[in-house]
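Presented sequentially are two complexes of subunit A, the first with subunit B as partner and the second with subunit C.
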Partner chain A sequence: MLQEDKRELSESYFSKERLAEHHFRSYNAFLEHGMQDVVTEKERIETDIGDKEDEEPVWVELGDVRAVTPRVREADGSEELLYPQEARLRNITYSAPVFMEMSIVRGGEEEEERVLDTTETKVGRMPIMVGSDKCNISGFSDEELIEIGEDPADPGGYFIINGSERVLMTSEDLAPNKILAEYDSKYGDEIQVAKTFSQRRGYRALVLVERNREGLLEVSFPSVSGSISFVTLVRALGLESDEEIVHRVSEDPEIVKFMLENLEEADVQTQEEAIEDLGQRVASGQGKNYQLKRANYVIDRYLLPHLHEDGVEEEETRINKAYYLCRMAEACFELALGRREADDKDHYANKRLKVSGDLMKDLFRTALNKLARDVKYQLERANMRNRELTVNTVVRSDVLTERLEHPIATGNWVGGRSGVSQLVDRTDFMGVLSHLRRLRSPLSRSQPHFEARDLHATQWGRICPSETPEGPNCGLVKNFAQAMELSQDVDDERDLKQELSSMGVEGIPGISMETTSTTSADD
Partner chain B sequence: MTRSTRQRERETAAKQEEEEDSEEGVRECPECGSDNLVKSSDRAELVCNDCGLVVEEEQIDPGPEWRAFNHQERQEKSRVGAPTTQTMHDKGLTTTIDWKDKDAYGRSISSKKRSQMHRLRKWQERIRTKDAGERNLQFALSEIDRMASALGVPRSVREVASVIYRRALKEDLIRGRSIEGVATSALYAACRKEGIPRSLEEISEVSRVERKEIGRTYRYISQELGLEMKPVDPKKYVPRFCSELELTEEVQSKANEIIETTAEEGLLSGKSPTGYAAAAIYAASLLCNEKKTQREVADVAQVTEVTIRNRYQEQIEAMGIHG
Partner chain C sequence: MQHPHRCPECDGTIRETDTEHVCADCGLVVTDAPIDHGPEWRTFSDDPDHAPERTGAPLTRSRHDRGLSTEIGYSARLTGRKRRKFARLRRQHKRATIPSKADYNRIYGFTEIRRLIGTFGIGTGLRDQACTLFASAQTAGLLHGRTIEGFAAAGVYATCRTNGVTRTLDEIAAAARATRPELTTAYDAMNRDLGLPTGPIDPREYLPRYADALSLPARIERQARELVAALETDGLVAGRNPSGVAAGCLYTAATETDHAVTQSAAAAVADVTPVTLRATYQNLTDA
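Coming up: the complex of A and B.
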């Protein structure tokens, strides 16, 4: 490559658009479909109206959601466009009204379903990132920016809440939905564990498969105290016969031997027995019917939630869960036999970054739930007093606004994390740039965590090897390398799966159900 | 900068306290009888400015700790909780039992303790509102908050609305009227009192009672409570209507000018202020070449086109313009 070409390339990495690009991309994606995804997930708000006799149930259907560009509402009720500089100077929030389509529906039991009211109503205000697509200054030329008092060199990428500029810290998390095998010790013995942080729609569940000192496999997952036998669980999921279980775990003769030990110790032989057994664990001392109901609910709700998918039947999901557990078991055995090394948690392939858009999505989800609870309450109250139910009289837009602004203003995020938002470092221009490109490890700074602080070979080209603070945060707070490229997750997994299927991958859930029936469903 | 904000805060705090003091009516120097008392926050004293007597010492400074640079620090360093507010039935002084089943160290508590906390929580929730009057207030205040939130009414006005409602409750004016009706009229009255009027139409859109009832209840409570409401100045409506119609500042000032000159000639008396403002805006938009149709203006102001036409005719005649 020619010298000039190299220079041009490296210069383009320092251009204004590149500096906070990861923030813009992530936040724009959130505005474009992240917000809608959350609303579509929620779908509707149910109420307790209709629980009584001769009363028709009422619920609210949620439709399209959209945010406009930032506006300020003056005390006299007039609304005007707001530019960042005005927000900074007047100590107000740079946020845009959010509108959502809502319709109140009554009926369904004896009467026909009837829409009582349907309107697009203002549900709250969303803080807007300076420089994002919805920002009022996006697309302005330098002259226009100077005209409205904005600094043309300012990189943007932060929010303005009550006049103070706040960046959302990118956080570095362990990759979800991935099997990580590692050694652990229990009562002085070394054991092998396969871990998966299963994540779907903001719900996160840790599933552990352990090989204890007797060589037996145990699984633990949320809502079940302690651990349950691996064989019982896969049988409950519909993988019944000994042969199939062994075959699904591995063909390796030594692992087969381990598996046979496990099968010998099994307390149950059929799916029914297994579910009964599970029921006794999750709802002991309750009635038999309730135990069964609860066991099924726990399996479908709390075990490996990331394997669920729209349009895939519960039955198929269950068997996929069983296969997935078999993969985890295999990882355990391989580790025990020394066929593989323990996974490196500091390897960058095992890390995912949560950028502003992902954080805002978490926030918006809880805020919307809060709003839904309030709407439910208002509806029930209005109904109790026999008032007409209209969308405008049941939505309190302050609820959502408050829930969105407060965490950004204080840094206390949902899920108990603190320090997520920070005041933009305006010491000098370099300070701002560095701050926008900073990332934080969620590990506690009071513990040593020597490996996590070390420079890892896989950080090459991604993380700056020298820019990290001295002292307790050393190695936990990092900065992006200048030429770092941050890839985003796939928006539409279906497309990806279709593509994979066309390349010959078999047994992808929900895609090739009709093509594969007897062939292996391994990945 | 910090210094100045601090001073400002102290000043406002001092002012507030003075106001509270004056309500109590005990603030005069016991020595010389002067009411020229000065609060010196540096020494935490209340001093008579005329004779120098220290009336009160070791006062508590409710302000935040020294040096707080931003909102968060101010909150962290503050030595007191949130101020009391009239918008909550208990003025925001409740004790709530946290839903987290954790002790002071953040450890989970035993199941026995947990069920005890559950019971305590339930009863705390039940006895928080001790009687029917209190329940009434709780319901009404949340209605006021709901409507104010939908209308985008600022905090201070909600406070005023709550005070009006509280007074109505105290004087037993609610009897025979619906809670929602009185709450809505209290909010309407508060908006007018604070100079950011909302029309009855706007209010009734977010209220759960009808316009007629709001008007009736409003007249009743404003009379009984002696609210002495002056007719609304049509100029108060101009900025809002103009921004909704996306008209420029120029039109706004022109409309204000029209209202001022014509009101001096007594055209306003007996006319609806919204209609009057709408007509002035319509006229101003014509004069400034930013024409809006009567229909558009009427929609925003929630009056009829006929009203606009009539007021418009009167106004341009008085202004001596012939449109």
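Coming up: the complex of A and C.
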């Protein structure tokens, strides 16, 4: 390549749109559908009204949510468009009102369901990223920007909270929903563990399959203290016969031998027995019916939540969970037999980046829950005092606003992480650019973590090999390489699964039925 | 703290340096070591061992306990019996935090005030004032036989009025949980027994908001302001609905500069009938 061509290419990577592009893409995706997804997930706000006799239940249905562009409410009551520079100078927040459709519904038990009130109401204010689609300066020419006092060279990609510019640090997490096999030690013995961080809709659960020193497999997951036998769990999930369990794990004769040892030690033989056994673990000392109920609830709620999908029946999900556990078991055995090596946690294929939009989604989810709790309380109070129930009088818009602004202003994010938002480094122009393209590992900087700090070969082309701070944060704080491209999560997994299915992948829940019939027709 | 402009000892002039206020004549140090009210300059990024807290939030009048409450928190480390024990403690503590029915009502009133202030987008300073007003009305025993919602709304209305950011009674009533009669009853009681420092409303207070709602430029708003002043010198404002006068002046200013605003639109924004608006218009055009 010619020198000039190279220069042109390199310059285009340094254009204004490219520098903070990852922030814009992520945040715009959040505004476009992330916010609506969270509201749709929530669906409705239930209340305790209707628990008493002769009282009909009341709930709130949540509908469409939308954010407009930033504006400021003056003390005299007038509202006008707000531009970033004004927000900076007046020490106010660059945020836009968020409106949500809500309807209060009463009835359903004896009377018919009746909508008491439907309104699109202002539920709070959402901080808007400078330069994003909802920003008032998006699409402005350089002349227009200068006209309103804005710097045309400013890359954007940060928020303005109470006049201070805050950037959300991209965080580098271990990839969720992947099996990671590794060695561990327990009581001095080396054991093999397969881990999965299962994640769905902001809920994160760690599932561990361990091969202990007797060669027996044990599984641990949230809500069950300690661990339970692998065989018991897969039987509870509906994988009953010895033969099926063995063959679902592996066909390898040595692994089959290991599995037979496990089956010999098994306490239970049928699915009913297994669920009873699980029930005693999760709700010991309770009534038998409750134990069974609780066991089923735990399986469907806390075990491998990422395998759930809307429109797929629990029965099918359960058997898939069993197969998934078998894959984890196989990984443990292969590691024990030296057929494979432990997974490299520092390999970039095992990393995912959480950019501003993902972080805002986490924030919005907890803020919405808080708002829902407040609406529930206000509704109950209003009902108790025999007031007319209207949407406008039960929504306090400062609840959501505070929950969104406070974490960005202080950096104390939901889930106890701190330092997520930082004051934009305005030492010089390069400082801003570097700060917007910085990423942080969540590992503690007070521990050595030598492997995590090392430059890994897979960082080639993605992470700058030389830009990292000296001192305690060395190697934990990194910066994007110049030509880094950040790929985004699949929006609709169903499309992807449909495609995989058409390419011949079998047993995808919810899709396999329809497509197997079509493919057979094609053949 | 307000610094004196003269030395308290010898009445000499005071010289201000970066950190001290010193009398230039006798050398008395009037104040030293001032508090820096600026932002925290230390950075605490992700060090959980050195939490950046020095003290709690400041006291506030907008909470029934002035923000000085104790909460029993959650810990993931507790298990079994201890966890259940703390759940029981938490429940009992929650019950014990509200000592009387009066406090309960106060919390309810304050929540309503916060909600109203939030919907109108008024600052926190006014929120504290409104809450203080509500509390005084409660201590004065005005709430007996009247409604909490009414007093909450009236507190907001009165605070807005005394601070020159008036909202009309109709606007408040539309957003409040109280009905219009409840609001006026409560406001009258407050005005009578607490001696609110409110005079007649200046129509100018409404101008920016109405001009914004009718999307009129600042130029017309300025002209309307002059028209209000002209009416005042002629003594034509007293005894009129200030909201109507404001709308009338805006309408007149808009028509004079060929800005299309209908009488009914201007009247709707001000919550008055076009007839009320016309009275002002005629006054202005006759003069």
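By our rule, the second predicted complex is superposed on the first by the 509 of 523 C-alpha atoms of A that agree within 3 Å, B and C clash if a C-alpha of one lies under 4 Å from a C-alpha of the other, contacts with A are read in each partner's own complex, and residues count from 1 in each chain.
The rule is short, and it goes like this: contacts are C-beta pairs under 8 Å (C-beta built on N, C-alpha and C of every residue); 3 or more make two chains touch, one makes a residue touch a chain.
None of these values were measured; they are calculated from a predicted model.
Once subunit A is used to superpose the two complexes, subunit B occupies space that clashes with subunit C.
Once chain A of one complex is fitted onto chain A of the other, the partner contacts of A:254 are absent, as it touches neither subunit B nor subunit C. After overlaying the two complexes on the shared chain, residue contacts for A:454 are found with neither subunit B nor subunit C.
When the shared chain is aligned, subunit C comes close enough to touch A:417, but subunit B does not.
Once the two complexes are laid over each other on the shared chain, residue contacts for A:445 go to subunit C alone; subunit B is not touched. With both structures placed on the common chain, the touch criterion links A:397 to subunit B and to subunit C.
In the superposed model, A:409 lies in contact with subunit B only, and not with subunit C. Residues 73-80, 164, 378, 381-382, 385, 387, 392-393, 395-398, 411 of subunit A lie in contact with subunit B in one complex and with subunit C in the other. By the touch criterion given at the top, residues 73-80, 122, 164, 225, 378, 381-382, 385, 387, 392-393, 395-398, 401, 411, 417-419, 422, 440, 444-446 of subunit A touch subunit C in their complex. Within the complex formed with subunit A, the residues of subunit C that make contact are 39, 44-48, 79, 108, 111, 114-115, 117-123, 149, 165, 167, 175-177, 205, 208-209, 211-213. Contact residues on subunit A toward subunit B in their complex (touch as defined above): 73-80, 162, 164, 378, 381-382, 385, 387-388, 392-393, 395-399, 409-411, 423. The part of subunit B that touches subunit A in the complex is made up of residues 70-72, 75, 139, 145-146, 149-152, 154, 157, 180, 196, 198, 205-208, 236, 239-244.
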